[in-house]
Amino acid sequence: MSQISLSNLNGAAKADFVAALANVVEYSPWIAEQLADKRPFAGINQLHTALMAVIQGADPDVQLALIRAHPDLASKTRRAAGLTAESTNEQNSAGLDRLSDAEYAAFERVNNAYRAKFGFPYIVCVRRHTRDSVLRDFEVRLRNIAKTETRRAIEEIGRISALRLDQLVIADDELKVHGRLSTHVLDNQIGRPAAGIPVELVELSALGENRIIARAVTNADGRTDQPLIGGRPLPIGRYELRFSTAGYYAERNVQLTDPPFLDDIPLRFAISEPEGHYHVPLLVTPWSYSTYRGS
Amino acid sequence: MSQISLSNLNGAAKADFVAALANVVEYSPWIAEQLADKRPFAGINQLHTALMAVIQGADPDVQLALIRAHPDLASKTRRAAGLTAESTNEQNSAGLDRLSDAEYAAFERVNNAYRAKFGFPYIVCVRRHTRDSVLRDFEVRLRNIAKTETRRAIEEIGRISALRLDQLVIADDELKVHGRLSTHVLDNQIGRPAAGIPVELVELSALGENRIIARAVTNADGRTDQPLIGGRPLPIGRYELRFSTAGYYAERNVQLTDPPFLDDIPLRFAISEPEGHYHVPLLVTPWSYSTYRGS
Amino acid sequence: MSQISLSNLNGAAKADFVAALANVVEYSPWIAEQLADKRPFAGINQLHTALMAVIQGADPDVQLALIRAHPDLASKTRRAAGLTAESTNEQNSAGLDRLSDAEYAAFERVNNAYRAKFGFPYIVCVRRHTRDSVLRDFEVRLRNIAKTETRRAIEEIGRISALRLDQLVIADDELKVHGRLSTHVLDNQIGRPAAGIPVELVELSALGENRIIARAVTNADGRTDQPLIGGRPLPIGRYELRFSTAGYYAERNVQLTDPPFLDDIPLRFAISEPEGHYHVPLLVTPWSYSTYRGS
Amino acid sequence: MSQISLSNLNGAAKADFVAALANVVEYSPWIAEQLADKRPFAGINQLHTALMAVIQGADPDVQLALIRAHPDLASKTRRAAGLTAESTNEQNSAGLDRLSDAEYAAFERVNNAYRAKFGFPYIVCVRRHTRDSVLRDFEVRLRNIAKTETRRAIEEIGRISALRLDQLVIADDELKVHGRLSTHVLDNQIGRPAAGIPVELVELSALGENRIIARAVTNADGRTDQPLIGGRPLPIGRYELRFSTAGYYAERNVQLTDPPFLDDIPLRFAISEPEGHYHVPLLVTPWSYSTYRGS
């Protein structure tokens, strides 16, 4: 998807504006058409607010049609057919293209139950979720009444469209749609950052397989050169950071026992705020460590 | 094995003394016979020192015969046949009766290599080891020269006999053959011990399966009623303590995120001193924790 | 004060019983006389409960006379004259015999205000207080109505008599009147207790001088041989524990900066539960430390 | 002192260049004269390196005269008379204008002893020191031989001139002459930065009075808006950071004891690297805290 500037959008012919924003909301060009008449927009936040106002101001029938225009989540059948490129990318980001058989069965079950109960597909902004948290959200929302779910579906369409706008439109302001996960290793034995420590970030799954989603080595400041997750929402879910410290100490000629008391150190934690900043540091000696949610 | 007091041993007829101590060293009643003439013993430490002096004073041929009287470790063939009850119990304690195929193959390989190189079986005090550390010890010792291994084998026979004496003989003094692993959970949010926290101790294995070797719930003092391992040597190896804290905080009406930032907390550490005291506490809040080797 | 066993008290002639307990409550032998008739007591807790029942069952006039029989706190005039030996000891324990001029003036002021408002002396179990907390308690209670203060005065008489019984009577059970303050130094650089660390306990005062009330050196287990305060209530107040760690690390040939980043480490905390157990440990490296209320 | 750009210095008439740099080294315009001929300088580091080369290339007699051109430290007599404005400012920065009688006497004593032994004044870059560390440096250097002290004096002249150049000359590169002291308060009870915590930084003195050198309140990120010390070298010495946490918790309706277990929290540490970055954070709950040298 090539990017376009907000000022170009503001000045574009209506047809071009509609074409540019066509896929911001799934199969629903009428939204972009109404938006076009509300130009100019002072910023991307104002654009997104206007977009949501268009949706929320639509007739209930139209809203329902909008919801129904969305694909079933993780439906193998529909994947082959009519998913937009945007939807495909987003669903893959949560690992929905790598479901185990057990996971696939679980998704199918709740998906069908949801559609049977409400008559429309379950919509969720998958980039804010792991497979585990999508399943959990599914089960929670399945207990709602239809009215609540119509509202929830539109909220999620709002989140999806915000992320698509964030990728599509260049503006001076920013939509608050990104989170950040970072770490920091301090060697309390010498009062300095610990450089050269291998770090792995693992997404934990209750139903399927755990998978390593980032690998790094700490730099001279004890940090990783890039955030472990950044430039996108943090998927809600459970994670483990793994640090290998014995090699670091051995290289520094610190005397260790055999096997070393501490070596492979796991910090297990959960993310619940996709747009938040999670700093999860490790303060370590060969005989002690601590962690906390920092900032 | 029924117990006998040191004073009874000191006063017993020689034949009874020899019978009582027959299995303290595998298939070698000549040791007990020589020991009998050195009575009385002021304590169990003196008894064990005398036993080691008998072995160390023996002719090299006799020492070699003693070593050869010991069973191959984890040999399925011999297990069916001539293992003493003491050997069987000890080898089971390290999980040698639950070897996976891969582990069994690894044991067979090093065992055969050892016997091929030295002409006598590999002897180790298995109660001081996990499967992983036995394999590791095997590989280290395989590189030794024969003379070193004769000495090492006798050292291990000394450790095995000390543990057998410890179980067999009631005396006023104690052989230093036991270690202790304990924990303690402190809730730093309220400045009190955390009661009711489920704790699991898992033995980690590089080659085979991890296995849960203790389960407990913290009491009013934040400790477990019994040490996690006690009354025996601590097997050298890698372990994980797992604490579930979210349920504890939920019951105390502490507001947690969904999912809670911390819930299932793993502390991974290694034991290298089987006769040591390892205290591995958890200081915890819903947003931070620390651990250290305590005392 | 020589001690007497509960069984002797139970079996003594009434006059002897009354004589033995004469000073448990200031100048009020009628209490012991009534208690004598309720013998035998199964334990010291039952004895103290009965004593409080006698006081609480007395006529308001008698209760008031009991309260009035108590000395003014820290009154220099009365100190020369009619204080019982028990009162003198107790008041000294809070440092009331070492008041600065400013403190003495403050005590005089609240004391006179209290007597002027209520018509009876302010009574407090001084062994549960520091000078600062007595003054604070004074100011809080001065705001009460007379009825509340009559009740509070009797409560304090109960605490004073419990401490006196605890010192006087030997029994199988114990009154819960003692607290304990302890510490523990762990060297997280080597995973062992830190031995040989000098420790000072200082009582902090807002109005007068801070004073060192205990000095110790940590033993091989990183603890002090005796609790820093024990065998008595912990005086409510603010304290500082001071640890000197640089000498310890220098002796272990740990390389330190000049001056060392950490050397004289103060832990400042307050005690609010005189009968509680306060464990205030220090986990330390040359570059970090932590403390917490332990158990 | 008004600033001048390096390019202006490079292009200036020789006389103007010499005038501009006259006071970079005390009373020694010959240095600037020689420097003028080495222009242009690519950066301020190159300029300072050239300046040091001029001094180190001078005849011993000239070096000695340069050293002798410096004032006695903290000499009350000379302060009235011939101190340059630069010297006066620098010496005040270490509190040398606020010496107690005991401190003044100590300075006089070592100053006289130094001059008597070496025949030239003791030179030190006072902006890198507290009163305590100047005295300590004095005593260490008094034990040196004359040759060592000539070298040390020139080193210190190098540091003094670097700081003066740093303030005088605007360039693209920077001399590494500044340190930074910062803090950060994290509330481990809620996993967030602690805002609104009052912080004091106190310079501790063994001989004179402690003095508060910075006061701040933590902002929404748990940090102070400005570094506690920044834009200058960190004076070598002992410090205490004081944090008041009970008011913060009381405002958040956290239940505290009376008095609160923790309230006025002192972190005592020393600075030994004037050009270093010292980050001294506080991780805190109402019942625990920790600190470390961070980065």
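Here the chain labels run A, B, C and D in written order, and each chain numbers its own residues starting at 1.
Everything below uses one rule, namely that a residue touches a chain if its C-beta (ideal position, glycine included) is under 8 Å from a C-beta of that chain, and two chains touch if they have at least 3 such contacts.
Small disclaimer: the values here were computed from a predicted structure and weren't measured.
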(request) Give the chain pair, either B-D or C-D, that is connected by more C-beta contacts. (result) C-D
(request) Average the CA atoms of each chain to get its centre, and name the chain whose centre is farthest from that of chain A. (result) C
(message) Report the inter-centroid distance (CA atoms only) between chain B and chain D in whole Å.
(response) 58
(request) Mind checking the centre-to-centre distance between chain C and chain D? Centres are C-alpha means, answer in whole Å. (result) 47
(message) If I count partner chains per residue in chain D, which residues reach a count of at least 2?
(response) 188, 191, 261, 283, 287-288, 290, 292-293
(request) Quick one: which bits of chain D touch chain B in the complex? Just the residue numbers, please. (result) 188-191, 261, 283, 285-288, 290
(request) Can you check the complex and tell me which residues of chain D touch chain C? (result) 133, 236-238, 257-266, 268-270, 272-273, 283, 287-293
(message) With touch defined as at the start, can you tell me which chain C residues reach chain B in the complex?
(response) 186, 188, 191-193, 221-222, 283, 290, 292-295
